[in-house]
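Here chain A shows up in two complexes: once beside chain B, once beside chain C.
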Partner chain A sequence: MFGLDKRDTGVLIIVALLALFAPIILNPFPTDSAMAQFNAGYPDLMQKFVIFGIFAIGFNILFGLTGYLSFGHAAFLGIGSYSCVWMFKLLGYNVIPGIFLSILISGLFALLIGFVSLRRSGIYFSILTLAFAQMCFALAYSVLSNPRFNLTNGETGLQVYANDPQWFHRDGLPDLPHLFGLSMRATQKIQVGAWEFQFNAGYYLCALIMLVCFYLAIRIFRSPFGMMLRAVKSNQQRMNYTGLNSRPYTLAAFVISGMYAGLAGGLLSAVDPLAGAERMQWTASGEVVLMTILGGAGTLIGPVLGAGFIKYFENIFSKINDNVLHSWFAFLPDGMEDFMVFIIHPFIGKGWHLTLGILFMLVVIYLPGGLVEGGQRIQGWFRKRGTKTEAKAGKTEPAE
Partner chain B sequence: MGILEVKNVGKRFGGLQALSDVNLSVKENTVHAIIGPNGAGKSTLLNCLVGKLIPDTGSVMFDGQSVLGRAPYEINQMGISRVFQTPEIFGDLTVLENMMIPCFAKRDGSFMLNAMPMVSNQKEVLERAEFMLEEMNMADKRHMHSASLSRGDKRRLEIGMCLSQEPRLLLLDEPTAGMARADTNNTIDLLKEIAAERDITIAIIEHDMHVVFSLADRITVLAQGTPLVEDDPENIRGNPKVREAYLGETA
Partner chain C sequence: MDALLLQILNGLDKGSAYALIALGLTLIFGTLGVVNFAHGALFMIGAFVAVTLQRVLSLSFETIDPTQKDFLGNPLKVKTPYVESWFGPETGGLIIDWAVPLAILFAIPIMIAVGFIMERGLIKYFYKRPHADQILVTFGLAIVLQEVVKYFYGANPIQTPAPDALNGVANVGAAFGMDIVYPVWRIVYFFFSVIIIAAIFSFLRFTTFGMVVRAGMADRETVGLLGINIDRRFTIMFGVASAVAGLAGVMYTPINPPNYHMGMDFLVLSFVVVVVGGMGSLPGAVLAGFLLGILESFASTTWATTTLPGINQIIIYLVAIAVLLTRPRGLMGLKGVMED
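Right, the complex of A and B next:
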């Protein structure tokens, strides 16, 4: 389908179904149950899943294929966000121009930053990208927000004010980001028994764009261009002595992944029209590296899984507090209850980074291929058991 | 006029004059060996030919065009392919993919943004790569990870990758270094076959006299960065200067 082979079509369909039914799949617990806090099927979080999925898919095109580890991709995320909000301020709340401008501007920045950074490889490349990202952060945070020339609105963050021009804004259109009148916040709630499912317009727009991005990424992976990028990672010396200029290949990969990041940033603004400089900070760049490695660098679906995994932890684990813990361990005797809460306390709430760090270490040490490798091992384990039982059955037959 | 003309090439690294006044002419469709003791400047000379180093003086002309100042990929696109001392292949890729990459380089040039078509639809390149694997007797290994090949097979693959580009000049840097005797002989046979069947010039740097004398039509002996003699193999064997350079004064 769409020029893909059977396996890739299968992966694409699975991702499409997961995206389509996410509001149901991610809400497995009834609304009033004690487990309801583990439900992730609310619009805000689901949007983050797919948007950071796009971010990680794009990052994987650079890091997974060429092996160039960029530590400054958050710069493009931030640039995309600012571009999109500027379109809201100037043209109006329709998200289409904003999304297009965010891809375009971040692509231009990626061309510039990539052109300079790709003169070096390895750790020097990482440091150069990090330096550029920190420069972008500094520009956004302070330099470009002075009274005479206010491009980013500094600490407050860029947002739409009532006196902005919004040339194409008409009465009757929502006063929030919308797609030709359909508000991004529009949510259809459906009550099924004890469960409540929320179908949100912003989420479905982002999910649709994520699917397109995922499809394009598969095409890139399977194209001659993708093969060249893997060749860059494998042996750049051989590549140069085979008549191939590796620089434009890596630059093209860098620009494409920068545009993916810009698109993700634009979508973040499209679902919530506020762009702040903290989106460009180095922690945000590190986060996408974690997502990609945790899910499985160089695999198709890994980055999406990694993005979902990290965002889930960030939003769910950070919400568990001591009161919740006390209610969980209420069945224990008093001393034991306090003791258990004391033990678990550092790993929840603000300590969710600790949990994530431990999980990340475990994955990197025991599953270097990320969650995808974990899945493959489980699959292989089941298959082995399957063939064993078959072999046993085969052996018993001749005995009869 | 040879296909490769090296004139007065000199190269200095700090206090070491690695090459001085090297003149070399490689005739078309011959096998030209460059031999010499350790530190004679063989590898430096080769690196000057492929664009890895730029000589301080002199000129290097390939088919009437200067190669000086060009990047390695440009020189390759001119028709010079290089085989490395330790096989340089794409270890993370399969054998077939390894063979496809030079075919793409031949078809599309040094860069082409071919991001949407699928590799599986590139019929001509696939056919060409399969054909070359067949030629190299490696068709049964096409789906293997190339990193897991034996040393001899890696060498075969690397030579095959170079040949798939139909270069006019093939440069080999000690192609049998560190190989077992059987692998060495296989490589010699392979190179003989290539030289006999193809329209190709081969320049080979080698330590192993057995390899040199079974392949070369013409030999240049390099010592201390400068050519000692250039002659046919029979004459080289008995040349006292060569013996001296290799074995010391009175040997």
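Right, the complex of A and C next:
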């Protein structure tokens, strides 16, 4: 289907089904139960899943295929956000022009930054992209927000004000981001027994775009172009010796992944029309690296898994507090209960980054292929056990 | 002229922090070939050694002083630090006052120990892995260290004053017939870093140990074949490098109250400094540190910021990009180090 082989079509269909039914799948606990806080099926979080999924898929095209570790991809996310909000300010709240402009502008920036950074490789490339991203952050945070020329609105963040032109805004349209009149915040709530499922317009728009992005990523992975990028990763020198100039390929990969990041930024603004400079900070770049590595760099589904995993646990872990812990360990004797809460306390709530850091180190040390490799190992382990028992059975027979 | 010198002075103290961190980074990179993203965290740990020492020294007990009354007429509770009760108020007060310089003595062994643990416990296993993995695992370690410090010390900056004697300002230009008033502690910081840098360089140049380390940097395998345990020496150099970063942090506390993310803030700039100076070149790191510090301070003058708003924020990155594109090896980069 769509030029994919059977297996890839299967993966695409599975992802599509997951995205379609996410509001139901992510809401396994009844609304009033104590476990309801672990539900992820509300619009805000689901939108984050798919948007950061797009971001990570794009990053994976660069890092997973070519091995170039960019530490500055958040810059494109921020640039996308700003361009989208500017479209809101100038043209009105329809999301389509905003999304297109965010892809275009971040692509231009990626072309420029990539052209310079890709002259070097390895650690130099990482530091160059880091320097560019920090420069963009500084520009957005303070330089471009002076009264004479206010492009980013500095610390406050760029947002739409009442006196903005909004040329195409008409009275009938909602005063929030919308798709030809369909508000991004429009949510259909359906009550089924004790469960409540929320179907949000913004989420489905993002999910649809994510599916398109995922499909494009599969096509890139399976194309001769993708093969060329893998060759860059495995041995660029040898590739150059054979007379191939690898730079156009890496530059193309860089621009594509920059456009993915810009698209993600644009969508972030589309669901919540506010763009701040903190989106461009280098910790944000680190986060997308985390997602990709955690899920499994160089695999198709890995980055999406990683993005979902990190965003989910970020939300859930930071929500758990001492009271919740006390209620969990209430079955233990008094002293033990306090002790357990005391032990776990640093890792939850505001300490969630500590958990993330430890998890990240463990993954890099023991499981460089991320969650996907973990899954494969477990699968392989089961299979091996299966064959071993068969082999044993086979051996014992002739002895009889 | 006065303004010019003032800007150079301003640049020197920021530059010395860059130079010290970059020196440590280069030492680690040159010896072990590891890109250490956790180096900023070492700087931060050093600063918090000073904070801890100051807190420990000011631990105090309460006594009721019948001679003093509060406004209600009750006897007043007086806090006396243990140190003051042991050594008498004069000496005790002096010890508390000089907590930051005293912290140097504690920081050296602590930081060397931290460096050893880091190298033996984690980084040792990453020599054979690609640079991307090294960056990632040390990045994770930096997050962990930072969060642990945040857990114990909170997220707010902690004021850690310099000793009273060094806390004022001095007219450094008086000797030259000029009028340049400048905080004393910043001058102390500059001289301190010069001493540390000189110590590291002479250690590498004039001792046998240093000679072996330099030989190992040039050709690790041959040194190993000569029957020298080069790994152990490199581990020691890792400890030394983390001590340098820690000392830079200890002395920086009075200039900038430490908070948990100060390491990350400095780390990015220090990497830029290392790259500008040339990966693996110690003099390059020091030179680039001071140069970029001075450049940044000149870019922060009113004249510069009015002609080109915000130039002070981006000048270092612009210079780094320009240097990398015109002299890919950096200002004093060595041939054959990280060429690919």
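Basically, the second predicted complex is superposed on the first by the 380 of 400 C-alpha atoms of A that agree within 3 Å, B and C clash if a C-alpha of one lies under 4 Å from a C-alpha of the other, contacts with A are read in each partner's own complex, and residues count from 1 in each chain.
As a working rule, a contact is a pair of C-beta atoms (placed from the backbone, for glycine too) under 8 Å apart; a residue touches a chain by one contact, two chains touch by 3 or more.
Just so you know, these numbers come straight off a predicted model, no measurement behind them.
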| item | value |
| --- | --- |
| Fit or clash between chain C and chain B when superposed on chain A | fit |
| Computed vertex angle (chain A) for partners chain B and chain C, CA, steps of 10° | 80 |
| Of chain B and chain C, the chain that contacts the larger number of chain A residues | C |
| Touched partner set for A:105, first chain B, second chain C, both or neither | neither |
| Contacts of A:244 with chain B and chain C, given as first, second, both or neither | first |
| Touched partner set for A:69, first chain B, second chain C, both or neither | second |
| Touched partner set for A:126, first chain B, second chain C, both or neither | second |
| Partner chain in contact with A:271 - chain B first, chain C second, else both or neither | neither |
| Three-chain overlay, closest Cα atoms of chain B and chain C, distance in Å | 13 |
| Set intersection of chain A contacts, chain C complex versus chain B complex | 237 |
| Chain A-facing residues of chain B, complex | 50, 71-73, 76-77, 81-82, 84, 88-93, 97, 100-102, 104-106, 108-122, 125, 161, 165 |
| Chain C to chain A touching residues, read off their complex | 35, 122, 125, 129, 131-133, 135-137, 139-144, 146-148, 151, 264, 268, 271-272, 275, 279, 309-310, 313-314, 317-318, 320-321, 324-325, 328, 338, 340 |
| Chain C contact footprint on chain A (complex, rising order) | 67, 69, 71, 116, 119-124, 126-128, 130-132, 134-135, 138-139, 141-144, 146, 148, 237, 282-283, 286, 289, 293, 346, 351, 353-354, 356-358, 360-361, 364-365, 368 |
| Touching residues on chain A, where the partner in the complex is chain B | 3-5, 219-220, 222-228, 230-231, 233-235, 237-245, 248-249, 252, 256 |
